[in-house]
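Just below sit the structures, each encoded as structure tokens.
Consider the two complexes below, in which chain A is the common component and chain B and chain C are the respective partners.
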Partner chain A sequence: MSALELALRVGAWSICTVFVLAMAYLFHRQLPMGRPALSAISLMVLSIFLTTLFLFLAGLLGLLRPGPLAAIGAGGLALMAAIPSWRASLLQVPRDFGALVHHLRALWGSLPGWLRAFSAAAILISLLRFAFLVWALPPFVWDSLTYHLTNVAHWTQAGKIELFDTPILRIYTPANYEVLAAWFTVFLHHDAVVEAAGIPVYLLAAIAVYAGARSLGCSRPGSWMGAMAYASTPALLLATTGTKNDPHIAAYYLTSLALLLDLAGKRRAADPRHSLSSFILLAVTLLLAAGTKAYIAHLLPGLAAMALLAPGIRRALPHWRGRLAQAAQGWRSLGAWSRRSLALLLLGGVLLGGYWNVRNWVVTGNPFYPYGVTIGSARVISGGERTARLNLARLADNLESLADKFGDAAGPIEPDLPETTGWGWFFYGLGLAAILYACLTRSGFRPLALGFLLSLLVLMLSIRPSPFNLRYLLWFPAVACLAYACWLEDLPSHPRVIPVAAAAMFCAALALNLATTLNYNRVSLDRFGLMLERPLWERQAALLKLNMPPEYEHAILFGPADELLGYNVGDNGFVYPLFRADYRQRLIYIPVSGADDCGSIAAHMRQHGTDYLFVAEGHTSGEVIQQVRDCAQDGGLMMEESRGLYVIDAGS
Partner chain B sequence: MSSMQEARPRAGAALVLLASLIALAWYGQGQLLHSLAFLYQVAQAMFPGLPVTPGGP
Partner chain C sequence: MSPAERALSKLEIWGLLAASALLMAWYAYPQFIFSLYPLYELVRLLLPGLLPDVAPAASSMTAPTGSAG
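Up next, the complex of A and B:
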């Protein structure tokens, strides 16, 4: 990529970023929250939501290219400047930015000196860590290489959001995360920074913990420490740059929790607009989550229980009736223009929340394709090659698996969490005792703890028992961080040894959490070296020899980069690395089996317009590999170009 | 605040601190070597004389 081309691409990205942020700001002004932490949540959620919606609509229209996107962004900005009320709103940005700086300075000033020094160091190290991991390594997490990023790669290459022919049926699952990830690939037409797609929600999750702690009545320093503790959770840190959607669900869950805690609280001044804003933001967040991963539905009972219990079980109904009445009053107080714009925002939420399932319903007859749904022993929704089950046997299996992993002693914490919970030093070292303390001493904390527990149990009823399913619980350690923030409120300042010991243990736990996650506990120094030797634009997922069979490396080094490449892998095989980092490689799935003879395989390849067929050990069925190998050895129709890469013999 | 009222949170906080110390030791006994394996690997790269641990990354 030439410097000019790079500058143009970055320019297009910048225009679109300014456009989306301006839109988010305009909606943000329509949703006054009344508290700085909730205002920050509002701006973050709206920015993530509108970025996703913008790219989603452009993708459906086939405009997923830097040029058309920049044109829309520039046109949108010109429109905003032309409409007087929007222009007037946007002119308030410097004033609001000044207010934000003021709030941040007040927060920073409220922290004790040691915490400021530790926070500054932790933020700096985290920034460097994120930047280094995003810059140094290509994507390598299994699910990303099978379906998350396969969607992203195809959409980026095709310039539109669409289904395509592949054996990886999980490309059908709700894909709001993938749309957001495409924001990091479409403009550069490269995956160099795609791992950064988790960082916005990482920040959102930390802010949500801070806001939740404030709603529980915790001080600024205590809430800050709770948020820092959650941000240091190893499982979350590893997943954030792991190109997966679980950090997004964790952030949306914790955001919903913070909004509900605020609505459930008695401290909230009776401003109808604030209640309306919280309800609208809650709806937008949950709809965004619904289109990201289905298991948010399993977390809802816990949120509902917390919302019902927090105001007190007897006062719950009148409390929530009152809040809804306030919200309705807030809605009536709005002008027609504001109502229309907020209705449009909710409509966008419905679109992002429902599109994927409605599409699947229309295309396959099953909204949850490729999953059929079984509750107990009854098949509730048929169709689909996989089954989502809800039954007590799963609960027992999953709880047993959780018990085995509890304490993280069985191995290092890795992104897929095969042997550990990944909750880390803070959760186990300081958090468990804090949960117990907060449950015993704070009546306001108990509904929250029950909500977390119920969410966990309902999730455990339904998730497939597997060594890798603890990633669905990334949100759970937040309960310990909130409890810790509550405990800090009761921490006496004398004798000095108590706060000094608490501060030392806090710093030690967070430092060890960070030390645990520096290299994903998977990537050895020589692998880092291997990648760093290559220019940024040539750091291919296929070349990072972690979980990658050598066939993928051969396909990149010796494959036909500018021709159509046929591939055959199973429904859990890697497709993404074949696209190459710059998404140059066009791919076509060749649906052959071990029963096909050489002539039939060659005919399939020709029928799909390619002379090449890629297969790989562990990803393609053994029968197919054996068959194409035999075909090449027979010396007839095909020959082996390099390991795993077969080509139809030109002379045949 | 009476001395009785002051003593309660102090005792509670002290108990939580004690429990946290025990929990840190319990967690550390299982996780410390795993956690520090990468740092040790970096140290090995910098100081080749350090002994190689079996089962490292």
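Up next, the complex of A and C:
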């Protein structure tokens, strides 16, 4: 990529970023929250939501290219400048930015000196760590290489969001995360920074823990420490740059929790607009989550229980009726223009929350395709090659698996969490004791703890027992961080040894959490070296010899980069690495089986417009590999160009 | 707060600190080794040749874990 082309691409990206942030700011002004932490949540959620919506609509219209996107962004900015009320609102940005800086300075000033020094060091190290991992490594987590990033690669290459022919049926699952990830690939037409797609929600999750702690009545320093503790959770840190959607669900869950805690509190009787804003933001967050991963539905009972119990079980109904009445009053107080714009915002939420399932319903007859749904022994929704089950046997199996992993004693913490919970030093060292303390001493904390527990149990009723399913629980360690924030409120300042010991343990736990995630505990130094010796633009997922069969490396090194490449892998095979980092490689699935003879395989390839067929050990069925290998050895129709890469013999 | 309540409150705080210290000690084996290993690798990356490669001894850290399914 030339410097000029790179500058143009970055320029288009910048225009679109300013456009989306300006839109987010305009909506943010329509949703006054009344508290700085909730205002920060509002701005973050709206920015993530509108980025996803913008790219989603452009993708459906086939405009997923830097040029058209930049044109829309520039046109949108010009429109904002031309409409007086929007222009007047945008002119308030410097004033609001000043207020934000003021709040941040007040927060920073409220922290004790040792915490300021520790926080500054932790933030700096975290920034360097994120930047290094994003810059140094290509994507390598299994599910990303099978379906998350396969969607992203196809959309980026095709310039539109669409279904395509592939054996990886999980490309049908809700894909708001993938749309957001495309924001990091579409403009550069490259995956160099795609791992950064988790960082916005990582920040959102930490802010949500801070806001939740403040709603529980914790001080600024205590809430800050709780948020820092959650941000240091190893499982979350590893997943954030792991190109997966679980950190997104964790962030949306914790954001909903923070909004519900605020609504459940008594402090908000004055301004009906604040209640309205919280309800609208809650709806937007949950709809965004619904279109990201279906298991948010399994977490809702816990949120609902917390919302009902927090105001007190007897006062719950009048309390929530009062909140809804306030929201309705807030709605009536709005002008027609504000009502329309907020209705549009909610409509966008319904679109992002429902599109994927409605599309699947229309295309396959099953909204949850490729999953059929079984509750107990009854098949509730048929169709689909996989089954989502809800039954008590799963609960027992999953709890047993959780018990086995509890304590993280079986091995290092890795992104897929095969042997550990990944909850880290803080959760086990300080968090467990803090949960016990907060449950015993704080009546306001108990509904929260029960909500977390219920969410965990309902989730465990339904997730497939597998060594890798603890990634669905990234949100859970937040309960310990909130409990710790509560505990800090009761920590006496004398004798001096008590706060000193508590601070030392806090710093030690967070430093060890950070230390354990400096790399992914899977990538050895020589693998880092392998990538670092290549220019940024040539760091290919296929070349990171981690979980990658050598056939993928051969396909990149010897394959036909500018021609159509046929491939055959199973329903859990890697497709993404074949696209190449710059998405130059066009791909086509060749649906052959071991029963096809050489002539039939060649015919399938020709019929799909390619002379090449890629297969790989562990990803393609053994029968197909054996068959194409035999075809090549017979010396008839096909020959082996390099390991795993077969080409139709030009002379045949 | 009565003297008895104050004493109980202090006991709670000390108890929690002691429990936390015990839990951290429990968590430390074997996570302490796993936590320091990336730091060790970082030093090896920044100062090549200073420290030996112990990766074969900790082979579980580089072994592929297979499909997340």
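The rule is short, and it goes like this: the second predicted complex is superposed on the first by the 651 of 652 C-alpha atoms of A that agree within 3 Å, B and C clash if a C-alpha of one lies under 4 Å from a C-alpha of the other, contacts with A are read in each partner's own complex, and residues count from 1 in each chain.
The rule is simple: contacts are C-beta pairs under 8 Å (C-beta built on N, C-alpha and C of every residue); 3 or more make two chains touch, one makes a residue touch a chain.
Since the model is a prediction, treat every value here as computed from it, not as a measurement.
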Inset, instruction - Considering only the touch criterion stated at the top, classify A:Tyr437 as touching first (chain B), second (chain C), both, or neither. - result: both
Inset, instruction - Tell me which partner A:Gln92 touches in the superposition: chain B (first), chain C (second), both or neither. - result: neither
Inset, instruction - State whether A:Val141 touches chain B only (first), chain C only (second), both chains, or neither. - result: second
Inset, instruction - Quick one: name whichever of chain B and chain C touches more residues of chain A. - result: C
Inset, instruction - Check whether A:Leu546 is in contact with chain B, with chain C, with both or with neither, and answer first, second, both or neither. - result: second
Legend entry - chain A positions touched by chain B in one structure and by chain C in the second: 407-409, 411-413, 425, 428-430, 432-434, 436-437, 441, 487, 490-492, 498, 501-502, 505, 508-509, 512, 515-516, 518-519, 521-522, 524-525
Inset, instruction - Sort out for me which residues of chain B touch chain A in the complex. - result: 6, 9-10, 12-17, 19-21, 23-24, 26-32, 34-39, 41-42, 45, 57
Inset, instruction - Report the residues of chain A in contact with chain C in the complex, numbered from low to high. - result: 141-143, 407-409, 411-414, 416, 418, 425, 428-430, 432-434, 436-437, 441, 464, 466-468, 471, 487, 490-492, 498, 501-502, 505, 508-509, 512-513, 515-519, 521-525, 527-528, 546-547, 572
Inset, instruction - Could you pull out which chain A residues touch chain B in their complex? - result: 407-413, 425, 428-430, 432-434, 436-437, 441, 487, 490-492, 498, 501-502, 505, 508-509, 512, 515-516, 518-519, 521-522, 524-525
Inset, instruction - Over in the complex, which chain C residues touch chain A? Could you list them? - result: 9-10, 12-14, 16-17, 19-21, 23-24, 26-27, 29-32, 34-39, 41-42, 44-45, 53, 55, 60-62, 64-69
